[in-house]
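Common to both upcoming complexes is chain A, partnered first by chain B, then by chain C.
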Partner chain A sequence: MKATILEVFNTIIENRGNKKLESISPEMHLKYDIGFDSLDLAELTVRIEADYDIDIFEDGIVNTVGEILKKLEKK
Partner chain B sequence: MNILLTGASKGLGLKTTQFLLKKGLTIYAISRSKTENLNELLLQYPDNLKWLHYDLADGVNVRQSIFKDWIGFDTPIHGFVNNAALAYDDLITNLNLVSLEKMYHVNVFTPLTLTKFVLRQMLLHNIKGSIIHISSISVHTGYKGLSMYASTKGALEAFSKNTAREWGEKGIRSNCLVAGFMETEMSSTLSDNQKNRIYQRTSMKQPVDVDSVAETIGFLLSDEAKSITGQNIHVDNGTI
Partner chain C sequence: MNIFLKDIGNDRLVTWDYLIDDINNSSIYNSYCKSPDYYTVFKQIILTLLIDEEIILLDSDFTESELINLTGYSDFEEFIKPVDKSKIPILNNQKELLKKLNNSPRNWKITLFTSGTTGTPKKVCHDFKSITRFVKATERNKKSVWGFAYNPTHMAGIQVFFQALLNGNTIIRLFGLNTKDIYTEITNNAITHISATPTFYRLLLPYNGTVPSVERITSGGEKFNEKTFKQLNQVFPNAKITNVYASTEAGSLFASKNDIFSLRPEYESLVHFENNELLIHKSLMGRTETSIGEWYKTGDVIEIVSHKPLKFRFVNRKSEMINIGGYKVNPLEVEEAISTLKGINNVRVYSKPNSVLGNIVCCEVVANRDQVTEISIRKFLQSKIQEFKIPRLIQFVDSLSTTRTGKLKR
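On to the complex of A and B.
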């Protein structure tokens, strides 16, 4: 699952024309460590929803990679 | 190009559907009823015209019924024409909350929800799409009895401008087409006298040509309009 999420992250990063990530870890902050802004996070929501049919922002803000993984594992 | 269009069964929506189909676009058309005219178009364009019976009074099932089950998340959407509307007209002193709420659901709440999922679909497929809300001249020039209706369209104009600002950097555009009074079912409850008084307030002294409005929608959807966003485009015979 982590690998798929990394792929999703890199799609967004590439769309921005930035350098791809080699790996992600649960404690990484989406905004401060990965550099996502609010529109990137919207794109992230949509791409994860397309893969997993779950809206990660539906019940509040998600800050870290770990929080995303937890939501997806719950499903 | 795939275009989602609401209110396709009659009036401006039907004309626009017909016009866009002629241009070779694929239309995902929504309406409450399947009129004879719409049925003819469905037979004429079996591949490019898809139709869904859906009442915009229902804002809850938008994601499931329209985007998941019907269009499908794999289908890119390039344009959205928010055309369907209810016209509840009366003096403000007669305001009926049930009618007003219903109009707000159809004219505002569900179109905003549709925009949410249209934007999501555009993001998913990296589409620099175009959103067009059909507004009304009544937002800009007062008419007796239209205050409540005009308020729903004013809400759309504000929403559209802010949509343009919010999503412009992704190349997504949002505009309002401010239509003047046309000879459609929407204005059929007006008496001839009322209609004539309305037309006399325009520079051209006549009803707005529906084809001209449909053509302008086609233009705003197209790449030729790629630098136009956050605008209210008046097609109103010069109501000044």
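On to the complex of A and C.
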């Protein structure tokens, strides 16, 4: 699952013309470590929803990679 | 120390005394104002008010082609003019500045650009009277500390600016900061008032602490949902939460505690409904390039909740404008920009509901795949339109989906 999430992240990062990530870890912060802004986060929800059919931000903003993984594992 | 503006994003801490000195020492001005620095924008507005000359506000992230489209120029150096010192006496303090500002300047006007319905943004002008119509300058409001959560070159931001300015308040910039800094700024500066889009508040949640200093929270620009409302109540236990209905053309018009709006008696004759669409009388409007007739059609569809007294709620918009976290995107403008790229045969821009921003811009394109890729479209658009207008999902299709009547479906 981590690999697919990394792929989704990198699609967003590459589309914005930034350098791809080599790996991700649960403690990474979406805004501070990965550098996502609110437009990126919005795109992230749509892409994850398309793959996993779950809206990760439904109950408020998720901050770290680990929180996303937890949400997806629950499903 | 009486602070005028604190903006940690631009490393600014400006006192009212500094502002007054800076104005006294200004020898040049430019009617075109395009700057990422909030202080520069605010000072320009004040300076033009004092010398009674017009000001044209441009988003600092407008691309060169957007600027040429809107103004005919991409560079504004040549519009720098000397300040006519005979028009402003030396100001000694805040009181003198506010008094001078309140002596309604006659020729001053402010021009903003709003997403038009035809494809390119349109110009809206306001004079001092129309832009400050809703400013409440009272003894009580003099103690307010404003959290500034809008773009300073947009209507909502300008209205907050004038409310704070004419009451001699402190403005703390919150817009564009990260969540942690926003909470730090609210707490450390004991902010009392915040006006922002629902998206701004949504990005602040969830939060485990409470912020007791905030007395008033205003939200507008898109529909406010019940869940955000409840969570905000917990974070800001002392705040009264209000929804406002506003537009660039008219500024804020109605306020409500929930999604049901009622009219103040003085507006009853200035508003009416036609086929459930809200119409606003021209006397409430700023000036636009196109003549609007006696009544301006807002494109907002309402549902009457009760007739006497009149209460209503907003249902949706007639126009196809997409609301991205409070920013309006015209799908036609984006389609026009994409279709100028070589290799694109057809394009449809539409919105998808989104839990972060309310909506997200998407598009379908029919293209020669060996000529264009998702990345090449994005790169091209970055030089044409502002970032928030660029579709976040680009889908390549063989033909566009249309509705049964043959119109493109959004």
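The rule is short, and it goes like this: the second predicted complex is superposed on the first by the 75 of 75 C-alpha atoms of A that agree within 3 Å, B and C clash if a C-alpha of one lies under 4 Å from a C-alpha of the other, contacts with A are read in each partner's own complex, and residues count from 1 in each chain.
Simple rule for what comes next: contacts are C-beta pairs under 8 Å (C-beta built on N, C-alpha and C of every residue); 3 or more make two chains touch, one makes a residue touch a chain.
Bear in mind that the values here come from a model prediction, so they are computed numbers and not experimental data.
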item	value
First (chain B), second (chain C), both or neither touched by A:Leu41	second
Touching partner for A:Asp33 - first (chain B), second (chain C), both, neither	neither
Touching partner for A:Asn15 - first (chain B), second (chain C), both, neither	both
Touching partner for A:Ile61 - first (chain B), second (chain C), both, neither	second
When both partners are placed on the shared chain, which of chain B and chain C touches more of chain A	C
Intersection of the chain A residues that touch chain B with those that touch chain C	15, 39, 42-43, 45-47
Chain B-touching residues of chain A, taken from the complex the two chains share	15, 39, 42-43, 45-47, 49-50
Residues of chain C defined as touching chain A within the complex	178-179, 199, 202-203, 205-206, 231, 324-325, 352, 354-357, 360, 362, 374-375, 378-379, 382, 387-388, 392-393
Touch list for chain A against partner chain C, complex	14-17, 31-32, 38-39, 41-43, 45-47, 55, 57-61
Interfacial residue positions of chain B with respect to chain A in the complex	73, 119-121, 123-124, 126, 167, 169-170
